[in-house]
Each structure stands twice: as C-alpha cells, then as structure tokens.
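Dropping a structure here in structure tokens format, bear with me for questions.
Chain naming follows the written order as A, B, C, D, E and F, and within any one chain the residues start at number 1.
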Amino acid sequence: MRILVVNPNTTQAMTDRMVAVGQTVMGPGTELVPITAARGVNYIASRPEALLAGAELLDLIARHENGADAAIVAAFGDPGLKAARDLFDIPVVGMAEAAMLSACMLGDRFAFVTFSHTLERWYADCVAKHGLGARFAGIYIPDAEFASVLTVQDEIIDDLVTIANEAIDRTNADVVILAGAPLAGLASKVAPRIGAPVVDPICAAVCQAEMLVRLGGRDNASKTIPAKDAVGFSPALSKAIAGG
Amino acid sequence: MRILVVNPNTTQAMTDRMVAVGQTVMGPGTELVPITAARGVNYIASRPEALLAGAELLDLIARHENGADAAIVAAFGDPGLKAARDLFDIPVVGMAEAAMLSACMLGDRFAFVTFSHTLERWYADCVAKHGLGARFAGIYIPDAEFASVLTVQDEIIDDLVTIANEAIDRTNADVVILAGAPLAGLASKVAPRIGAPVVDPICAAVCQAEMLVRLGGRDNASKTIPAKDAVGFSPALSKAIAGG
Amino acid sequence: MRILVVNPNTTQAMTDRMVAVGQTVMGPGTELVPITAARGVNYIASRPEALLAGAELLDLIARHENGADAAIVAAFGDPGLKAARDLFDIPVVGMAEAAMLSACMLGDRFAFVTFSHTLERWYADCVAKHGLGARFAGIYIPDAEFASVLTVQDEIIDDLVTIANEAIDRTNADVVILAGAPLAGLASKVAPRIGAPVVDPICAAVCQAEMLVRLGGRDNASKTIPAKDAVGFSPALSKAIAGG
Amino acid sequence: MRILVVNPNTTQAMTDRMVAVGQTVMGPGTELVPITAARGVNYIASRPEALLAGAELLDLIARHENGADAAIVAAFGDPGLKAARDLFDIPVVGMAEAAMLSACMLGDRFAFVTFSHTLERWYADCVAKHGLGARFAGIYIPDAEFASVLTVQDEIIDDLVTIANEAIDRTNADVVILAGAPLAGLASKVAPRIGAPVVDPICAAVCQAEMLVRLGGRDNASKTIPAKDAVGFSPALSKAIAGG
Amino acid sequence: MRILVVNPNTTQAMTDRMVAVGQTVMGPGTELVPITAARGVNYIASRPEALLAGAELLDLIARHENGADAAIVAAFGDPGLKAARDLFDIPVVGMAEAAMLSACMLGDRFAFVTFSHTLERWYADCVAKHGLGARFAGIYIPDAEFASVLTVQDEIIDDLVTIANEAIDRTNADVVILAGAPLAGLASKVAPRIGAPVVDPICAAVCQAEMLVRLGGRDNASKTIPAKDAVGFSPALSKAIAGG
Amino acid sequence: MRILVVNPNTTQAMTDRMVAVGQTVMGPGTELVPITAARGVNYIASRPEALLAGAELLDLIARHENGADAAIVAAFGDPGLKAARDLFDIPVVGMAEAAMLSACMLGDRFAFVTFSHTLERWYADCVAKHGLGARFAGIYIPDAEFASVLTVQDEIIDDLVTIANEAIDRTNADVVILAGAPLAGLASKVAPRIGAPVVDPICAAVCQAEMLVRLGGRDNASKTIPAKDAVGFSPALSKAIAGG
C-alpha cells in the first residue's frame, strides 16, 4: 500500500521526520512517500498561509496521485483537505482530522497541546470545520520560548508535559492531542508522564489512511464536480480539474 | 493482538458471522474472540433492550477482559460503550461509532441504511449521543418484509440497494453505512451497485480497534471512578467496580 | 394516587428520607411507595454504576408497576428514565428532569450545587441528555470533606450555602438546584440564606408526577417496542418485555 | 391559593372558558381569578400584537398582584412572560411554556396542533425563545375553514384529530400539544381518538403554577432591576417599575 | 432620504445626540428625524422596560411613518424591532443589529463594551435573539461609577478604553462595539487608543438604513398579518393594526 | 473612494457586468475597479475550484491593494474572504456575506435562488462558514437548462421567478437572495414579480464596502500574523506575507 505524505510546508526535514514517525506504526507492506511543497512558507501559522498551502496541496496530489492508494495532508489544520477529497478518487486523510476522530474513541473530550499562540485561531477553526466542537476541551500552549520549529519538541518538552497535565486537570479532558507537525514523534516520549492517553497526529493519520484503503477506498464516490477547463495551473492539476 | 467481539444479544450465529466478516479485514496477528450474551433478547431494537444489553456488556467484558487488548461492542447502537470505556483499561470501540467516524473521513455526510423501522429511534439517539448530528443525512429503511434477522440481508438485498441509492440522491449523502449487525458482510456484496462508498460497521470496528492498540491503547487513562463495593453482580463485574 | 419512589441505589435509608421529604409537598390522597434496589452500589457516582442502576430500575418498576399511578426515578441523574418511559404505561419522572424543568419556570438559567467532584461528569451528561444545556449555568461543588452521604447535607451545610451564593454571583444563575439524593430536604433549611429560589429535586419530582397523573397520564402513548422473548431476567421484567 | 389567569386578549369569553377548564384539574383550595385585557385585540396572531399584549400583561399583573400567589399568562405564545418574571415577585407561568415542559416528561418530542396558519411563525418563535427546539416536532395545522375562534374547536374537531394523528405518524412525535387558547378544553374530548398523550396548555399551566407555589415560590429571587421612575403608565405599573 | 431616529426612552437629549452623531456619517440628501418616547423610562435597562419601550416604539413609528423612508430603533437592545418590521412597510433597523452585522464584516468575533452591569442580561438576550451567539466574544464592563448616562462616556472614558483592550487580549475579539445609546459618538474619540476596529452603533444604523433604502426597501415584503380591530391604542397604531 | 471588485474567475465579461450593476447603487465619489483572475476557471462551482480561486484572490488583492480603500470578493461563495481579511489592512467584503447580512435586516430568514445544482454544496458551506444557518431557508434551483452563465439570467428568468415564489411559499422565507455572479443585475428586473424583498449580492457588497470605509475602515485591526518569508509567489503576495 502506497500512501503519500504530503507536507504543504516547504520544510523537507519536517516531512522526513513525519515519515519516520509514521513508519513506527504502519503495517507491513505499507510505503510512505514523502512529498514537500515547492511553493509556500516554512511553517503555516495563519489562515492566509493555510489557504495558499491548500492550493499547493491540490497541485502536489495531482502530480503524485498516479499509483498511490491514499494521501495524508501532513499539516495539522488540514489545509485543502475537503477540496482534495472532492477532486481526487483516492482516500485523503487530514492529520488533525485523524487525530481528533481517533481521540473520540478514547474518551469524551480531547484537548490540543501545542507550542505557539499564533496557531490558536487556525486550530480552533479546524475543530469547528470538522463539526467536533462538542468534543473539544480547548487549546493549551505553554509560554515558553523556543529557537526553531525543528527542535521545539525537545527544547520545551517539560513545558509541554506540564501544560498537558494542567489541561487534563482544568478541563476534565480525556485525551491529549499533541498538535502541529513539529511535535510529531513526541507522544511516545512523553506518554508515561501524562495522565491521559496521548495521540500523535501523524501516527493516527497513517493508521486511518491504511484503514480506509483496507475498507475499500472510495472509488465509487459520487462525483459532483463537472469537468472544466482551467488556466494557469500545472498540467497535472489542470488535468485533474478537467477530468473532475 | 486479541480483540473481544462482544455481542450483547443472545444470538450466537450473529456473533459468529460478525467475527467471520471482521476476519476478512483484520491484520496479521489479530485474533477476534467471539462472546455472546447469556441474558437478554435475540436482537435489540429499543431503548429498554439496549439498557439491559449495556449492563450485560459490562459483565461480559469483566469476565473476559483478562488477556484482551481491546473490545468491540458488537451491536450497532453501541449499548454500554461509554460506561465500558470508563470502567475498563483496554480500548473499547462501538460498531456504530467506528462506522460513523470512519465515514467522516470519506465525505461530509453519511446516511444509515437499515432494515426495520423499529430501529429508527434508537439509531437516531446513537448519532446524537456521539455528537455527530451535523454529519448525519438520516436513516433510510425499505418497506420490504423479511422472515429473520439472520437472513434479512439476502432476503431484501435489492430493496436495500435501491433505498441506499435513493438516500444518496435525496440527501447528497457522501457515504452509506449499512447499519445493524444483521447487515454485517453485506457491504462487500453491494458496494459496486451503490453510488457512494459503503461502510460495513464490523469491519470499521475491527480496524479501529487494531489502530487504537497500535497507537498505544489507553493504559494511562485518568480514572475518575472511585472503587466501591457492589451487591448482586457476578464476581468479575463486582471486582471491576471494586477496583475501578 | 400511588407513586413509586424507586431508588436504584441500595441504601434504604436514603429512600426513606426521600419519601419523608416528598411527603411534605405531596397533595392529599397521594401515597409514596418506597422501593430500594437489591442489586447495585450504595451510591451511584459514575456512568458504569448508572448503567447498572438503570437496568435494576427497569426490574424494580416491572415488579411493582401493578396498582401504581406513576413512578419516580429517585436518583439525581435519572438512570434508566427514558428506557422506563418506553417500556411502561405509567408516567415516569426523573428527579433531575423534574428539578430542571421546574427551575425553567423560575428563571432563565439554573445552577447545580452538589457535594462531590466525582458526580460532575455524570450530572453534566444528564443535562445534555435532556437537551437543556442552554439553560445550564454549571455545577458548583465545595471542596469540603465529609464522612457519609447520609449526613453530608448537615456536615457541610455552610460550604453548600457559600458555594450556592458564589454560583449566583459568578454566573447570573436565577435558580439553584441542590443536586443529589443525599441533599434531599436541604432546600427548605437553606433557602432563606441563598439569594435565588432553591429547588429540591425530590419535591419537584413528587409534584410533577402528581401533575402528570392529574393531566391524564399517558395510557395512549404510542408503543413502538415490539413484544419479544427475553432470557435471564426476572419474570416481571421478562413479562414487561414480552408484552411491550 | 389564588392564581391569576391573565388573558392579554380582549375576549372575556375566552378567559372564562380557560378558567372553567383549569378548574377541572386544579387542587382543593385553589382559586382561579379571571382577568381580561382592556386594551388590545380580540385574538393575538402576530408579533406586533404579541408585543402590545405583553405590555398590557405587565399592567394587568401590576393591578392585580396584591393577594395573588401566582399568575398565568393565558395566551399560548406567552407574551410578556419573561418580562413579568423579572418584574414581579410571584411565580409567573406561560401556557405554552407549561405545556411544553410538561410534555417533555411524557416523551422525547412534542408536536403542536393548532387551527390557523397565521399563528405558525409566532408559535415557532415561542419554542425557540424557550430553548426547546431540540424537543420540537413541528406545527400541524388543518386547512379547514372556521367561523369564530370561540367555536373553532367544535367546528373543525375532526380535522384537528386527523392532523394530530398525521403529526404522530410523520414525525414520531411522542406527545401532542393542542396549541392556542381557543382549543382550551379540547384535549379531554379528543384524547381517546389520538395515538399519543395530549396536553391541554391551560391545564398544564394551572398545575405548574400550583406546583411552583407549593415548592416555595420565588420570594428570594435575586432582583437585578434597579428601581426607576416611569412616565405615562398606570399608577400600579409605575409603582412596580419604581419599586423594581 | 428621510430616516426616523426613534428613541423609545424619554430622554430627548439622548435622541438629539444620536442624531448629531449619525449626521457625521450620513450621506448627502439624508435627513435624520429625531423622535423621543412620551411614555416610558429615561433609560431602558431591563426586560420589562424593554417590553414597554417596544410597545411605545410601535406607536411612535405609526404616528410618524408617513413620508419616512426608513426607521432606526435608537436603543441598543433593539426593543420592538422585529414586531415593527412585521407591522410597517418601511425598512426598520436596530442599533444593536446594525452594529453586530457591520462588525461581522470586520472580523470573526465582536465584543461589547458598555458601562453598567444592569445591562448585561438584556444585551446578551439581544445577541441570542439575532442568532449571532457564535460571533460573540462577551460583554465587558468597567467597575467605574458615574453620575449620569448623559455624561458617562466622558466620565469613565479611560476605564472604557482599558476594558476594551482587555476584552481584545482576553478573548481574541476582532472588533469592539461600544454598546448603549449613552456611548454614541465615543468611537471616533477612542478608536486610536484601542487595538481593534471600534463600531459606533448609531453610525452603523444610519449607514445600514441608507443602504436598505438604496437597495430598494421592502415594499413587496409578504404580509402575513391579517388586518384586525384593536382597542385602546392611538388612532395611528390602531390604523396600522387594522390595515396590517 | 476606490473599491476593488475582484473576480477570482477568469471571465472578464462577468467582472464588467458586476461593476456596471454596482455602479447603479454606489454613492457619489465611489470608483469601482474591475479586476479579473488570470489563473483559474471561467466559473467556480466546487470546493477545489473555490480553494484555487481563494489563493488567486490573495494574489490579486496584493497586486492592487495600493491606493484602494476596500475590496469586494466578487464571487458568491466568498472564496478567500477570511484569509484576505487577515492578510490585508483594507476592509474586504464578500458578495455572499454582504447579501446575507443585508437580508438579515429585511426579515428573519432568507432563501437562495440560483441556477445550477452543482453550486448547492458550495453555497451551503458558505452559509455555515458565516454562522448564519439559523437564518437560512434553503437553496432553490429550477430544473431549467441554459446555454451560458453569461446569459443564464435572461434564458431562464421565468423559471427563476417561479422558484423564488415557491421558496417563499414553502419555507416562509422573508427575503430572496439571487445567488451567483451570473445573476448580477437580475434583482431590479424581477423584484416586482416576487412576493418578498429581493437582494442583489453585488449591490449589497458595494453598499457594505462603502459603509465600512465611512465607519473608519479597519486600520487598527490587531495583527496576529507574524511576518514570514514565502517562496514561489508573486513579489506582491510575498511582500504581503513578509510584511504580514
């Protein structure tokens, strides 16, 4: 099974790490294909950046869809997820979506723990977009400074553990989601120190993508998008729109 | 990995079929353990029956929890699911819950297709209980008569296909869930005839239970239930409550 | 008029007290019949315990329904209420339900005051189950310790008064509900010290049950539950299910 | 116990009938005091009329509050209810409110049956105002013509029964509320012909008002309205506002 | 274009100030006609007062509707707005409504800043009545004392600026609405000191009323109110109801 | 006042028509600047197309922002609206948003009338995105065929009038919004034939944009987006992101 791990940020090191973390939980016979955006910003933290990243995501899937069984939107916040699902035949799973839906089977309510206040609005939007507000216990962010999104999970690990336990105490959250691609792989390190199950979004996304393929994919999804000529996009994306 | 398939109905043939269907999607190394209620009714179709089945479910898991990695509530409607999740350390997944959450990754809205109007209220309650009303496109039920819940999926197969396609046309549903244990295994037979992805709840439940175990289970779930003496239950269930 | 006061806990002293308190508000000609669970725990404080208590409730009503005009679920949280309403012909009223609906006629929003944090989740579930979240101003619980649920209302009476007034100040709640069977009878003692109307749930339940009987009961409620054979229950409960 | 039955319409014959119907369910020692608006329209059927009726209601209660234990807003739609509750110390109950809250204890969802399409919007507003939309199965109105609101319940009795049963069939409503003062007293005549419990709003209002008085009234309701001089109202109403 | 500025309070100085402030944003050719209540209180601060003011509003518009192109309900809280819209043919705009809808185009969420805690409930009701709860970031009120509603905006100007900036920081509100007629004209003075766009409700109302007239008004609004005789009102209001 | 009319479709004739229609309602001194997408499709009708159009919109505003007082997203569905609002300092108004908010001041509920079923999902998403579901009476679409989006409003004018009146009758909608850029200018032609006020979205958008500028714009909007380097975009867009 061939699953695209599509990072709509331009930071390839982040893609590589997500693939490495995903490989620790993937089943036998699964291949994770790393794909990184050529256009965009190094790390999405706002709605304008998410919008541009979503457009880039469509282009990236269009270029690599051939031979793939599923695709993962490898940015927490799921830019472009629903548009990709409407445009392509293969299952497409969002990291935030997969984390939240998996968390729903571990308890009534989940909290997000992340590392930067600038993400707060975009992540809250994402919960609402999925209609999961009733299961959401809020976003918890330590005030700690850090040098780089590539090392933030080690730099402020103790602050993240502390705020996670505070989230559990203050909100009766049953599950903690470590939100944001820069935290990929952190869950397995800190789980023993946190008083509730901890979900790693890239792991959830890999498992959920595998599951959708095993359940039969979505080849017979009803297409509601009429084919249409497009101007100014890559040949692959234009072809996807034309053949919609 | 050892997963309990706990049918809180008394019909063992139904349990056996669900296990057989689940085995078609389970991963290597997974064992599905069939468990059938000793007390109860042959097929749950109302809230009073679901309440009694939920109590029986707690007893059945308490008796078989030892050595199990996860448990599936093998009745659509998920009787006793949240109580079981609060009482036991292993992951517990509901068939309806797993089907609905999986469907959420295949499209915006899912419809239920089932075989008897007496299930309508209980199933609608179940959607609301999971907070997924915004993703729900309604319940569709053919008017066809049938002789037995054990054979209903063959008896009225054409009616079920017809109503499923009607549900898609009338509601813009993106996904169809074939709801009810008696429809286990039907999805793979009818998928090519239905204009949207079709979810088989027992298959979704097996995959989701495997996923939760792979993601680390929930051993560190915060326990909020104080230990307590109980009177009149089986030793296993009393012990679970006492050790809560 | 004969009203069953069905306590699905095993503590008969609590049943007796609720009946005594209910007698202070009941109308002439009303008889309150105390019934206490034989199976279960001494005081319900979690979802698993509530599920088991709900099953016991159905059995208790089935055994005593003959000659009764109505039944009260005499545990705040209303375990088994909706299932009982579906199974039996007489009106069935929940203590939490009656308290909340009565409070709705005294002001826009009600707060719960109770004595133990372990009840918080179950009580919040109960508000949601009744669809009254928009009228709910939250649960307020003092941090005071106490020795026994039988004496808690006297042990921490001052703490309960203080937290009730804090709830009113902080939330603009218009009404206070003293939640939990152990607080039965407290309202009349503390009302003069609290700056908003105070509702005693057992009093509300007795009055509401009387009202439903006076309004004509629900003999012609539409039965949606088909009769069915059941295995392993008491003869009375099996008969109720069989005759459903 | 002295309960004001305040009809904010100008039709005294309607007030008298509501009092007569209420007397069939009131307890011993209760007195129902008929009060009819001097200003207004003969039958409220729109928001402007309801607004004017609500203002008149405040004046009527202010004039008759002395010596009363409770007041009923004797117009389905409850004009002025919440304002009256804020202004006066005695319990105030709305006919629609009492009917809906009583119905909530008889089943999950209630339908309104009424006699004129012009009432539809105002009645739907009323459900929303009370936050009970989740329990509402809709408004059902026969297309039959009638000569007078004073005789409509006899003129189209068969049409009302037919539409009530259609409402039950089409919506799975558990309870029918016969909405509108002109239908007062109809419930007892048609209940045997309708396949669900039928609530008569004036009967529910009388019982609920009695209950609130028995539970202790609301003398200690927290007053949030500062006293204030008013110009142009009756002395009684000006005094109520001044003493707020 | 002739727009009525109808103040349902009795304080003419407030009407005059609102007209003066509105004139600073109105377009060329617009005339603002000040109208002040003869009956009522000097400043509305509760639901009973709002109800009475709403009735007065209908009378005032009925008396002055002739020759007017639109009317503004010149009291934050919008007493009588929806009833006026149902009764009259010209566009009617509420100050709170216009401020909130305008704010929705400046950001995701708006906060209210006002000067007195007694307004809190009535203003919160108003947000809910307009169905805008999801866009609402709460009400912020300084604890400062003041001598008169006519001078409050100058007396506590620094406290209002401080609390506005606190509201932005604490809630991530994108827009601040200076709520309440006594704050008319304050926005232009304090905007440079507040870290988000500030909306002045009377300015928003004037612009929105002009816009509705430019867009064609609502002459062909579907009338659902049947004409009806009314007793006890002014000839103008009786005529409006009669000609409904 | 200089307002950008940014059409994120590639059809310049549509932009020109929207500008011409907008000029019929704009105030003196307003200039409407037509801008048409270079990349994209000729008419957006799905989520993937809307996503790509939203990205193009950001680029177009970045290129033309200099000297502009406000921008209109000139495609019903408002692609990119909220991202543009976060990125740029000038007011940005969506055609759908402006139409819906204006309609909220004309009645309780609005219906959409449009010309193609493929738009249904995207338009429904748009209502939800603005949090206005409670005011929405649904989308009404005639089954009529048409040759071109440029002439559709004339080709099926009678069908559109008929379905608009059906929408009013069936749903009690108070206002009709003629949804979709191809219907720009139709409102003034058909208003006399439709039994409720009719809103033309481009007219509403022009008026609302003018109003926001008159109210002071949003220069002091709190910026939550940190500046950031971007790769692969136009210099203007990169600069907007860098200077965010």
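The definition used in the following text is that a contact is a pair of C-beta atoms (placed from the backbone, for glycine too) under 8 Å apart; a residue touches a chain by one contact, two chains touch by 3 or more.
Bear in mind that the values here come from a model prediction, so they are computed numbers and not experimental data.
Participant: Work out the mean Cα position per chain and let me know which chain is farthest from chain C.
Facilitator: Most remote chain from chain C, centroid-wise, comes out as F.
Participant: What angle of turn lays chain A on top of chain B when you fit their CA atoms, given in steps of 5 degrees?
Facilitator: Superposing the C-alpha atoms of chain A on chain B needs a rotation of 180 degrees.
Participant: How far is the middle of chain D from the middle of chain F, if each middle is the mean of its Cα atoms, in Å?
Facilitator: 45
Participant: On a C-alpha centroid basis, what's the spacing between chain C and chain D, in Å?
Facilitator: Averaging C-alpha atoms per chain gives centres 27 Å apart.
Participant: With chain centres defined as C-alpha means, what is the inter-centre distance between chain B and chain E in Å?
Facilitator: 53
Participant: Taking the mean of the CA coordinates per chain, how far is chain A from chain F in Å?
Facilitator: Comparing mean C-alpha positions, chain F is 30 Å from chain A.
Participant: Among the residues of chain C, pick out those that touch two or more other chains and give their numbers.
Facilitator: Each of 82, 108, 121, 172, 224 in chain C touches at least two other chains.
Participant: Hey, which residues of chain A end up touching chain B in the complex?
Facilitator: Touching chain B from chain A are residues 25, 27-28, 82, 85, 91, 93, 97-98, 101-102, 104-108, 130-132, 134-135, 168, 172, 174, 187-188, 191-192, 194-200, 203-204, 207-208, 211-212, 214-218, 220-222, 224.
Participant: Which bits of chain B are touching chain C when the two form their complex?
Facilitator: 10, 38-42, 45-52, 54-55, 58, 80, 82-84, 86-87, 118, 121, 224-226, 228-233, 241, 244
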